[in-house]
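So that you can tell them apart, the chains are marked A, B, C, D, E and F in the order they are listed, and the count of residues begins at 1 in each.
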Amino acid sequence: MSSSLAANGDMLVILRHAPHGSSWLREGLDAALVAAAFGQRVSLLFQGDGIMALVPGQEPGALGQKGTAATLDMLAMYDIESFYADASALDRFDMAPDDLQLPSLPVDGATIAQLIASHRLVLTF
Amino acid sequence: MRYGLLVQGAPYSSQASHSALRFATALIARGHQLECVFFYHDGVYNASRLAAPPQDEPHLVDAWRGLNAGHGTQLQVCIAAALRRGLLDERESARHGKTGHSIEPPFELTGLGQLVDLGNQVDRLVTFAP
Amino acid sequence: MILHILNRSPGTSLVYRDTLSAMGPEDRLLLIEDGVLGALTSQVRHFQSVEGRLFALREDLASRGLEGRCDETVQVVDVDGFVTLTEEADKTVSWF
Amino acid sequence: MSSSLAANGDMLVILRHAPHGSSWLREGLDAALVAAAFGQRVSLLFQGDGIMALVPGQEPGALGQKGTAATLDMLAMYDIESFYADASALDRFDMAPDDLQLPSLPVDGATIAQLIASHRLVLTF
Amino acid sequence: MRYGLLVQGAPYSSQASHSALRFATALIARGHQLECVFFYHDGVYNASRLAAPPQDEPHLVDAWRGLNAGHGTQLQVCIAAALRRGLLDERESARHGKTGHSIEPPFELTGLGQLVDLGNQVDRLVTFAP
Amino acid sequence: MILHILNRSPGTSLVYRDTLSAMGPEDRLLLIEDGVLGALTSQVRHFQSVEGRLFALREDLASRGLEGRCDETVQVVDVDGFVTLTEEADKTVSWF
């Protein structure tokens, strides 16, 4: 959680909503993918209930809704490789950093503040 | 038993519509009667005949229509909540000087009084909210 | 018996407090949608006061990859079980 | 806060949202008014942030949005006269029961449970 | 300074649109330039040409139009978020085999890339969410 | 300096916790919409860690009848002041 790990970049997308319950997470990931496709250096921060996006073994919804797990696998193709996970949320939900669908760096509040400061644009979803 | 559902969430934005449709299918499969789905608050957006979701995602408006066609469930949309949100049938469109409409049967614009009636008529009224 | 239905995560929303305080001694609570996050072993302490009367919807746990993380004190029901709960209840109250 | 004060009725409308921030409160009050106009015996419970509906001195919004204060004055005309206010929310916001736009009976959780049990239909907004 | 707004809340359901319009008016009055309002998530509902609010309430769609007419602010609507929610212009309506449309100029359907461009172009991008 | 904008009441939503923890030592917090409930004297303790950097929007207090209940440690600004805050900030982050 050292502050030196807080990357610079063009856009930080903060994902605060769990999958399936709303479209926030999916629409936030879409914004990140498009920004990356437009050549922006994009970092993702999974915060609060948003860390539920990183739970392995997600499935489509009962009516066939796609969910977001498949989208996460596409991020690397778009050169999005900076993933951060809110350490306090990981703690709260008792999730181990090595048990996430994406390798994500746990970050504390001070590091989150630095991430926000070091990206030109910050979008929350 | 006789059921009614009150749906208050917009489709594609919250899970409310999905949950309500899933619950509707299950209660009918168990032999109950689903009298009516009443759409209020952002739930009125479920009635838009113009919705064009991606083909690999569930088409919620069609799913509601199927509930009406297959089971006779009424699909009632609160008119006050709908008009301000741009959901109008042909009659309301004309009345407000608009061209074009966004609601068509089997969805019907009705007053909140129908929700009160529904609550009195059914054995269970279950709310799905965003 | 009244069936209370909660669709909010205790990690984000405080509505669960009002839900619990409004529950009678025989009432049941069903967690659906984002509400199933409250059924996780790490969260279920928020619902201690209704232990034995706490349910969570299987389909919503499964789609989120959470079936294996659901606390064993929570009764997991599928959507048929959801209908059954509404049959057995006098009425339902939704909290959001 | 005695339990004997929990009225019977046809419909209990629970109002949990503050004015102006969303349309929940207004649409909940509309449902209550219409139910009363249809001859239902309606009770209102202001709970959580919903007790903000009872603050005196509310105004229209910055763009002229009407708010809900004027609607509260219409309730008596529709014979809605059973008003309850969540005592824990009053405490939390340091609001005195005699400083509310509508005379509302403070109720604790047990009484709220009885209100829910004693009304045939319960709608939350 | 050059500003952009990102609006994510439905009109009449949350205060987001009201707050954004109020902020837009104030920043223009202070001599700033409002390049564009980008509508995403439920914000796309702000673009519905069929909205018919009661006459004693603010007409939000007209207020957005006024911002375009008076100040040249672009009104861009995310096409992916819009189509699934039933917001289509004439071209998309035809493309999806619908009759009628719910979006017309000055609102324009655009891709999320325009939001990225906007973020790069302006000095401040302010989000109003539900 | 970054301007954080919060539109949720601490009586309902826990998002304020994440907002506060993500704020740098010079950052400012503006409460708008339902967020102004956090500016009340009865609620402002939630925002102790940013005392002196806490703002609330006058119009949103006024429409809710809350101008007189706003804590004196909160700096009340009108919408012009809101614009000024965005001018002075390097960027804004909205929390909801």
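Things worth noting here:
Keep in mind that, in the parts below, a residue touches a chain if its C-beta (ideal position, glycine included) is under 8 Å from a C-beta of that chain, and two chains touch if they have at least 3 such contacts.
Only a predicted model underlies this, so the values are computations on that prediction, with no experimental measurement involved.
Touch-path distance (fewest steps) from subunit B to subunit F is 2. Fewest steps needed to get from subunit B to subunit E, stepping only to touching chains, is 1.
The greatest centre-to-centre gap from subunit D, using C-alpha centroids, is found for A.
The chain pair with the larger count of C-beta pairs in contact, out of A-C and C-D, is A-C. Taken over every residue number at the interface, the positions common to subunit C and subunit F amount to over half, indicating a same-residue contact.
Set against the Cα centre of subunit C, the chain with the most distant centre is E. The distance from the centre of subunit C to the centre of subunit F, each centre being the mean of the chain's C-alpha atoms, comes to 33 Å.
Look at where the CA atoms of subunit E average out and do the same for subunit F: the two points lie 25 Å apart.
Counting partner chains per residue, subunit F shows two or more touched chains at residues 7, 11-12, 14-15, 33-34, 59, 79, 91, 94, 96. Residue positions of subunit B touching 2 or more other chains, listed in rising order: 12-13, 15, 22, 41, 57, 125, 127, 129-130.
Under the contact definition stated at the top, the residues of subunit A that touch 2 or more other chains are 16, 20-23, 48, 61-62, 65, 120-121, 124. A list of each chain pair in contact follows: A-B, A-C, A-E, A-F, B-C, B-D, B-E, C-D, C-F, D-E, D-F, E-F. Residues 20-23, 61-66 of subunit D are the ones touching subunit E in the complex. Here subunit D touches subunit B in the complex through residues 10-11, 23-24, 27, 30-31, 34-35, 37-38, 40, 120-121, 123-125, going by the rule given at the top. Put simply, subunit E touches subunit A in their complex at residues 6, 40-41, 80-81, 111-113, 115-117, 119-120, 125, 127, 129. Touching subunit D in their complex are the following residues of subunit E: 12-15, 18, 21-22, 56-58, 63, 130. The part of subunit F that touches subunit D in the complex is made up of residues 7, 9, 11-12, 33-34, 37, 40-43, 59-60, 62-66, 68-69, 79.
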